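Per-chain residue numbering starts at 1, and chain names A, B and C are given in the order in which the chains are listed.
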Amino acid sequence: MKFRNPPVNSLSLEFLTEFVISLEKLENDKTFRGVILTSDLPGIFSAGLDLREMYGRNPAHYAEFWKAVQELWLRLYMSKLMLVSAINGASPAGGCLIALTSDYRIMADNPKYIIGLNESLLGIIAPFWLKDTFVNTIGHRAAERALQLGMLFPPAEALKVGVVDEVVPEDQIHSKARSVMAQWLAIPDHSRQLTKSMMRKATADKLIKQREADIQNVVSFISQDSIQKSLHVYLKKLKQKRG
Amino acid sequence: MKFRNPPVNSLSLEFLTEFVISLEKLENDKTFRGVILTSDLPGIFSAGLDLREMYGRNPAHYAEFWKAVQELWLRLYMSKLMLVSAINGASPAGGCLIALTSDYRIMADNPKYIIGLNESLLGIIAPFWLKDTFVNTIGHRAAERALQLGMLFPPAEALKVGVVDEVVPEDQIHSKARSVMAQWLAIPDHSRQLTKSMMRKATADKLIKQREADIQNVVSFISQDSIQKSLHVYLKKLKQKRG
Amino acid sequence: MKFRNPPVNSLSLEFLTEFVISLEKLENDKTFRGVILTSDLPGIFSAGLDLREMYGRNPAHYAEFWKAVQELWLRLYMSKLMLVSAINGASPAGGCLIALTSDYRIMADNPKYIIGLNESLLGIIAPFWLKDTFVNTIGHRAAERALQLGMLFPPAEALKVGVVDEVVPEDQIHSKARSVMAQWLAIPDHSRQLTKSMMRKATADKLIKQREADIQNVVSFISQDSIQKSLHVYLKKLKQKRG
């Protein structure tokens, strides 16, 4: 599955909805057992949530958007498919979310690419379920530090802290992803799927049990004047940067 | 305590029962403060559960067997005794279970020896409480990967990922185990035991609270035709291999 | 904030009370956003709880003292301030507690300094909430081993196991602490504080929900003759050592 939502594969409401529908189709099509997630755009895996969906809109829109974000995470994190992220570009915030839900993460060895949960740099915070995913992946202490500082890791550091499993030369990322996929699919599907579910179910259930409360929290948080102002400054800076 | 159940120290119902009785005796004998678990057979620590107990028998037998497996884990994991595993041979699945419940794991530096939870390779899955033990030992991410792939680690890798605490030349494994035992027994027993219990109680309680449900899950899982078939293929292969 | 309670910055009831009051003032003074915790005494960060508060007194005193210990931990662990520990001396038990609650730990590179939770060496045990803090910091397996053995780590080992985040030459510890503080305070306060709270709240709530029970446990534990005897031996040894 190749992401293509120019210029930076932002996770807009439309893109999230299409993403979830595509995943659902693949889940239900028994000829698919695994998916490689990668980008079709140069230098960017995914820039994360489209912040324009969280700025200057009404609460109903924020709620709809956040429900779609939750849905993507739930679908990816609990997918029966074997998921490999072939991270061939920058992958901040929501881009990192996608990578963290995969079963295996391969990153292209390009020091310009960075990955991490940098929400705190924008004056916002990661949701608790993304925090839980991060803790599951890199441990409590490393997650606490990285989340507070909004750390973005270049490939070598991402590997060291455990945000990714492997770093390979950029031109080998897709062949590597295919060979990893083959290795994982050599395991009987039902054993792999039951094991994956056993590992992740408690984390997913935490969100499922309080999904509506999480939406309300996010809506009231981003509706605050101070947060809207932060997002305004950030979006303006982004616009200038891109010309 | 030296395991001797030729040819490969399989954990049969009989062996499990004797193991638990021996442990109980040692627990209640105040002259014993610690036990070194090792194998009396060359090249094998324990091959794990005797799969013949899980194939072609009736549900009542599966239930009895699984209860004995749970009992062994509970006794070992919450033992007041200081337990050292001197892993002097291969230690897949149930063999790894024994090692994981110990307070300290020493492995002989022989690349032919491997250790890990390879249930997924056989088309089955590790129980949740063994998964919890594994997560406690090597962390969530490493456990997720190793369990899904059914990874078996040679000594150097087992040390790196944290499945064992130390790797020593094969002829030094027993002297090393004794010196580790002496080091741990220098701590006042009540402090060591209360600390151990504090660290492990929540994990053990999870099983205690749903022991019967876990038995029913396992019984219905292994009673499935597809699982019985997998076990048949595996047992046949094993028989041919051993001549 | 520089600790000065000669000779070894023991956490006496009086010192704990003053510490908590000072922290509360700083929390409520909006001109303070972070605090560097360090010692004003040579060679010692803090020797930990003043064991004289736990020996030869009545249950009411033990209860009052333990409540103050809990209060310090709760205040430090959930502080809105950014806390850096500049560990410029030995830091056993309660000294390590203070360090573990900080957001970042820097240790002076002096092999005479050690840090860790050595309660088991004294015949006592760490409380569950300090154990939880330790697990959050260095992981379950490392905590299990270190707590049972009462391990005290010199700087290089403390860094390796993750008890501290950084080791620097002794004369650079304060400048380093200031530059780390500046780095963390570059993050918007509300993002940093909300993230910190999200990471730590579950651990703090565990104590808050059973604070009185924890006090009763400790009081009955240390009131035992055998524990009082252990503390007597230890305090006597300490007195002789100090002349």
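Going forward, contacts are C-beta pairs under 8 Å (C-beta built on N, C-alpha and C of every residue); 3 or more make two chains touch, one makes a residue touch a chain.
Composition by chain, UniProt nomenclature: A, B, C = Enoyl-CoA delta isomerase 1, mitochondrial.
On a predicted model such as this, the values are computed, not experimentally measured, just so you know.
A.B. asks: Sort the chain contact graph into one of these: line, ring, star, complete or other.
C.D. replies: Contact pattern: complete, every chain touching every other.
A.B. asks: Overlay chain A and chain B by their C-alpha atoms and let me know the rotation angle in degrees, rounded to the nearest 5.
C.D. replies: Chain A sits rotated relative to chain B by 120 degrees.
A.B. asks: Approximately how many whole Å separate the CA-defined centres of chain A and chain C?
C.D. replies: The answer is 36 Å.
A.B. asks: Would you mind listing the residues of chain B that make contact with two or more other chains?
C.D. replies: Residues 139 of chain B each touch two or more of the other chains.
A.B. asks: Of all residues in chain B, which touch chain C in the complex?
C.D. replies: Listed in rising order, the residues of chain B that touch chain C are 103-104, 135-139, 162, 165, 183-184, 187-188, 190-192, 194-196, 198-200.
A.B. asks: Spell out the residues on chain A that touch chain C in their complex, using ranges where they run on.
C.D. replies: Where chain A meets chain C, its residues are 119-126, 128, 131, 139-141, 143-145, 147-150, 226, 230.
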